[in-house]
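Each of the next two complexes has chain A plus one other chain: chain B in the first, chain C in the second.
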Partner chain A sequence: MKAVLVKPLELIGRALPTTYLRIAAGIVAFMLLVGALGSLIAPYDALAQDSAHTFAGPSWSHLMGTDFLGRDTLSRLIVGARPSLFSAVVAVVIGLVGGAIPGMASVLFSRRVEFVVMRFVDALMTIPPIVFAIAIVAGFGNGLPEAVVAIGVLMIPRFFRVVRAETLKHASAQYVEAATLFGASKPYVLRRHVWRKAVPTLGVVSASALGYAVLGISGLAFLGLGEIAPQPSWGSMLSDDLTYLYQAPWAAMWPGVAISLTVWALNALSDAAHTGLVREAEVPVGTESEAPETQDVGSVEPALQYV
Partner chain B sequence: MALAVAINPKRISATLRWAGAEFLRFVPVALISTLITFGVTALAPDDTAAQLAGDTGTLQEIANLNHAFGFDQPWPQRYVTWLWHALHGDLGVSYFTQIPVTTSIAQRFPVDLSIAIFALVIAIVLGFGGGLLAASRPNGVVDRAITALGSLALAIPEFWLAILLVIVFAVKVRLFPATGYVATSQGLGQWARHMILPSLTLATPVAAVIARQLRISMLTELDENYVTGALVRGYSRRRILFKHVLRNGAAPAVATVGLYTPSLLGGAVIAERIFALPGIGALAIDAAQAHDIPVIQGVLLVTIAVVLVSNLTVDALLGWLRPGVKRS
Partner chain C sequence: MSRLGLSAEYGTVATPLDEPLLRVGGLTVGVATGAGRIEAVRDVSFDLGRGEALGLVGESGSGKTLTCRALLGALPAGCSVSGGSIELDGISLLDLGERRWREIRSTRIAAVFQDPASYLNPSLPVGEQLAEVLRVKGRLNRRDARSRALDLMATMHLHRPAYVYQQIPAELSGGMLQRVLIAVAVACEPALLIADEATTALDLTTQREVIDLLSELRERLGLAIVFVSHDLAAVSELCDRVAVFYGGEVVEIGTTADLVSDPSHPYTEALLRVGSLGTGGDAALEVIAGHHPRLGELTAGCRFAPRCGHRRSVCAELVALTPVGSGAVRCARAGELQLAGADLR
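On to the complex of A and B.
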């Protein structure tokens, strides 16, 4: 169990010698720390207004300036990290649990059930995330949980497909055959052996999915869906900045930089771990040939398909 | 010669079989996605009737309204009715404005479709151009520059990119208008000028993905034996790259285009907000706030239909690019 969890970290660690990736890992760690501490480290109350100092430029008292209500931008950025990042984590967990478990089990389904499940996944992939989130909000009310669920549900297909492809690949390995010959049932083999082989790939996909979720959640907040004003989040801050673009064009820099840095760092880590995995896979795992992929659009590599 | 290929009976039967398989896949996907559309909106807690009846509404009035909207029927029945009407081009009437949903969507959808198509063209040109350039000299300066630009483009949120574009091209340089939409009937030039910034915004991440995918698959192709063979036979590098490697390596990039259609349409919704365009996104957001379910259902249905059509197109393209590869 422990070894399985450490594996993706190890892969990242092995790839980390480059400065580029150390910076990326540092950024992710820093953002998560800021999100965890939140208002504890914010210099001002993120909601405190100061009508005498609106649209102030960066100064020693307000390092990033103030917004249209005179609220401290740095404090809002710090407090906004939590809804922007941690809700993305929750969305990824929803996608992971909802996709990985059925993805692994799909190997056991009969052909008919498999066909239905595959079409269900295909159907989820045809739904534009933003429009879907608007629909969820319309039906169930506007709030962060609704937005998170909408993004998470639409992330199920990517996890489903990756885990399914991995499971199919490993299910034809010789040790599985051997275990079956010793009388192990297929579900047992999956539970006991195969699932941990998919974990490193899941780590890669989770990292890139997290970047995608950060973009999604911020996009929704930008549209006014999810976190409700006056609570700050990176997306809603950008939305305010857009309104006052002519008064303070530079204000739109900060939340944009925060989002881009986070997503870039997550993508870089995901890529590095992916490269590490591919390199490792060049040492044969015990499969002579890759299992046929029955469901894919062309032969796009599963992990690459969603970067 | 070409004609002989075209009417080759083997080829026709293969095409027919392909079409049949596509159809078998397409219909269930369409059914399930409409079911999801209907499900998330219709099964939500709904007090529309009570809202419409207002504070003075009696229970009888609410019951009458519920009956008029068909809320008192079981949901499978409502789904079938809704789908049947939708197939006939009737998406119902807005609860609040009484305007037929089809009318509102038909009015606004051209806006989103123009941005999305414009963006797709830009993405394909930039993406294939960039990928090709990068793959032609692997690990050269150009390749590294394109790869770095690509990872930057993937990390920048569309709405921030849009704001930056507005700051540069509309506030500082004043080259393009920051907001607004002009119908094609008022002059193609003006229409295009208003389309450029929103489309460029949407195109950037898709172009990055295409370039990246094309580069990877072309580099893989370059390692193949047939490339060495062609080189030995004395074909020029350029000819090998364009005639063989590009064609063989293009398929994954084309598949990527298909995968990104949903996010292209979703991105159009965000672009609408920034550039103040009267598209279906604004319609959907207004409807969401008013809990106007038929409008939301209509918008979701139309966007899903566009995605399905684009998926079919991409599949056909892939079949043409790689006739030998069996996809089920």
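On to the complex of A and C.
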């Protein structure tokens, strides 16, 4: 049994070399686990009100106290983890699929189509998230799916641009050109040689996008967009607690800590992955590994600079 | 001609065997520059028979690689063919669309380049990349492609093919990588192989081995080879005929033996004198005075004239490639000059 366990643990240890990263990964894993289990591990019903014990401070029966309706804060945090975290994951998936695939395909577009697509993506980037979310909710009704779609759609430009840049970078590698010269079609080359090169960068962007999405979903919930009361979510809990700041000044801390810990942990992981990628890029691979250029082409190049 | 056992699948030769495989006539390639379009390759013509090897020699920037790129339908951005014709098996390559090009690549025309490491995907096993061509272009299934790839690697004299198969490019030497790349190029039994500086980056022994491999393949597969190099010695080992490039033009073309022993163009003579074919010994390294013209400096008349010791006023006029002996030369004074050759070693 031990032998089986050692290897995965070793791998995790190597992937997360510092305590700092291990803590971050632990927090993310813990939050996801809590989100997955939800009401199964909540000590109380998250919706059960107890008007006799409103604004209770932390005690053995209510570890994090109760809110303005006497509901158990810990249970609400646990149950609220799912709409706060998993909806962020879904939003990132929407951005990833909606951005990465067109982003990679965009290098195949004709110049005119490319122009239109790029300007569309630019336009998408200029939309303020809150205004866009309010517009979506106004158009399709209030609810968690609408909020998730709003956040997800706004993630598209970021993924689009990153994947497009990666694709362009690796599509100019000589082995990609060679594949074309050996008779492979462009879509084939993209699928076979270029796609996998973009995956590590996509991982980094996804992790940081996840942080933004958690913040975005909670931000919308704070404004009352998304998960509808009385269902708990971290953003709406924070908003409620702020209303009663005079009665229970400590209460707003709980959802605040949950949100900031999660976002910090995700950003730490994304930063570390990015650093790892940069370090790897210093070891020459692909395009960077070019040995002396063919001399003939070299002499044409000065002329090509003006093109 | 199924020496690798594949030919049946690739159709038959379209033209009679005595017709040349490749016909390049008056090929002109223009490069767009800040100062307008410049003809970086001008009026290049040559024929190449089946199984024949033609060497293209010349200094850097003399248009060898651009000519190859034009043959492959893969000119760099900003360059385009502005005149002339290229025919492979009677098909005009200049009129081919993207789709037709894709059909021809690997199966009719293939190429190897100077730096094999950067022409293979660094993160995939080399054998897989070879099998991939056989799967996609040769329409073999996974298992057949693998065994054919192993056969091909053995044909390329790669030892322990099964072991090399699963190695990534970083684990192989330059010579081995070039062998893998040649295997990829000939996997689908093309009629024409373009070897653009394929031996330049290799050390001398490996260079020799790769040249031997190419002449072996030429014999076994009836492969025609366009062999680009700035090393006349390497060219003379492999090629029946040589075309000497200068300033984007062919200044002399002929059989290797004639061209080396009895050059007709002053540039060829100078190249022989300074090159590795000369008698050498302890004589100081000779150089040709001046430098190869850059793109903007191309003159209207003979492009070698500014560096030529035999320059006269006639050299300011445009000269055509005129037949001389077994070949052709582009020199206004070709008939009157007495030029010294070198010994083929």
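The working rule: the second predicted complex is superposed on the first by the 272 of 307 C-alpha atoms of A that agree within 3 Å, B and C clash if a C-alpha of one lies under 4 Å from a C-alpha of the other, contacts with A are read in each partner's own complex, and residues count from 1 in each chain.
Keep in mind that, in the parts below, a contact is a pair of C-beta atoms (placed from the backbone, for glycine too) under 8 Å apart; a residue touches a chain by one contact, two chains touch by 3 or more.
Keep in mind that this is a model prediction, so the values were computed, not measured.
Undergrad: Just chain B (first), just chain C (second), both, or neither: which does A:181 touch?
TA: A:181 sits against chain C, while chain B stays out of touch.
Undergrad: Quick check on the superposed pair: does A:135 touch chain B, chain C, both, or neither? Answer first, second, both or neither.
TA: The first partner, chain B, only.
Undergrad: May I ask you to decide whether A:238 touches chain B, chain C, both, or neither, giving the answer as first, second, both or neither?
TA: first
Undergrad: With both complexes superposed on chain A, which partner does A:20 reach: first (chain B), second (chain C), both or neither?
TA: Neither chain B nor chain C is touched by A:20.
Undergrad: Once the two complexes are aligned on chain A, which partner has more residues of chain A within touching range, chain B or chain C?
TA: Comparing touch counts on chain A for chain B and chain C gives B.
Undergrad: By the touch definition at the top of the document, which applies to A:264: first (chain B), second (chain C), both, or neither?
TA: In the superposition, A:264 contacts chain B only.
Undergrad: Which chain A residues are contacted by chain C in one complex and by chain B in the other?
TA: Correct list for chain A: 294-300, 304, 306-307.
Undergrad: Can you name the residues of chain B that touch chain A in the complex?
TA: 25, 28-30, 32-33, 36-37, 40-41, 43-45, 151-152, 154-160, 163-164, 166-167, 171, 209, 212-213, 216, 251-252, 254-256, 258-259, 262-263, 265-267, 269-270, 273-274, 281, 284-285, 287-289, 291-293, 296-297, 299-300, 303-304, 307-308, 311, 314-315, 318, 322, 325, 327-328
Undergrad: Show which residues of chain C lie in contact with chain A when the two form their complex.
TA: Per the stated touch rule, the residues are 31-35, 38, 40, 60-66, 72, 74, 76-79, 101-107, 110-111, 113-115, 117-123, 132-133, 136-137, 184-185, 196-197, 201, 230, 294-296.
Undergrad: For a test of understanding, state which residues of chain A touch chain B in their complex under the given definition.
TA: Contacts found on chain A: 115-116, 119-120, 122-132, 134-140, 142, 211, 215, 218-219, 222-225, 235, 238, 241-242, 245-246, 249, 252, 255-256, 259-261, 263-264, 267-268, 271, 294-300, 304-307.
Undergrad: What part of chain A is in contact with chain C in the complex they form?
TA: 173-175, 177-185, 188, 192-193, 196-197, 285-287, 289-300, 302-304, 306-307
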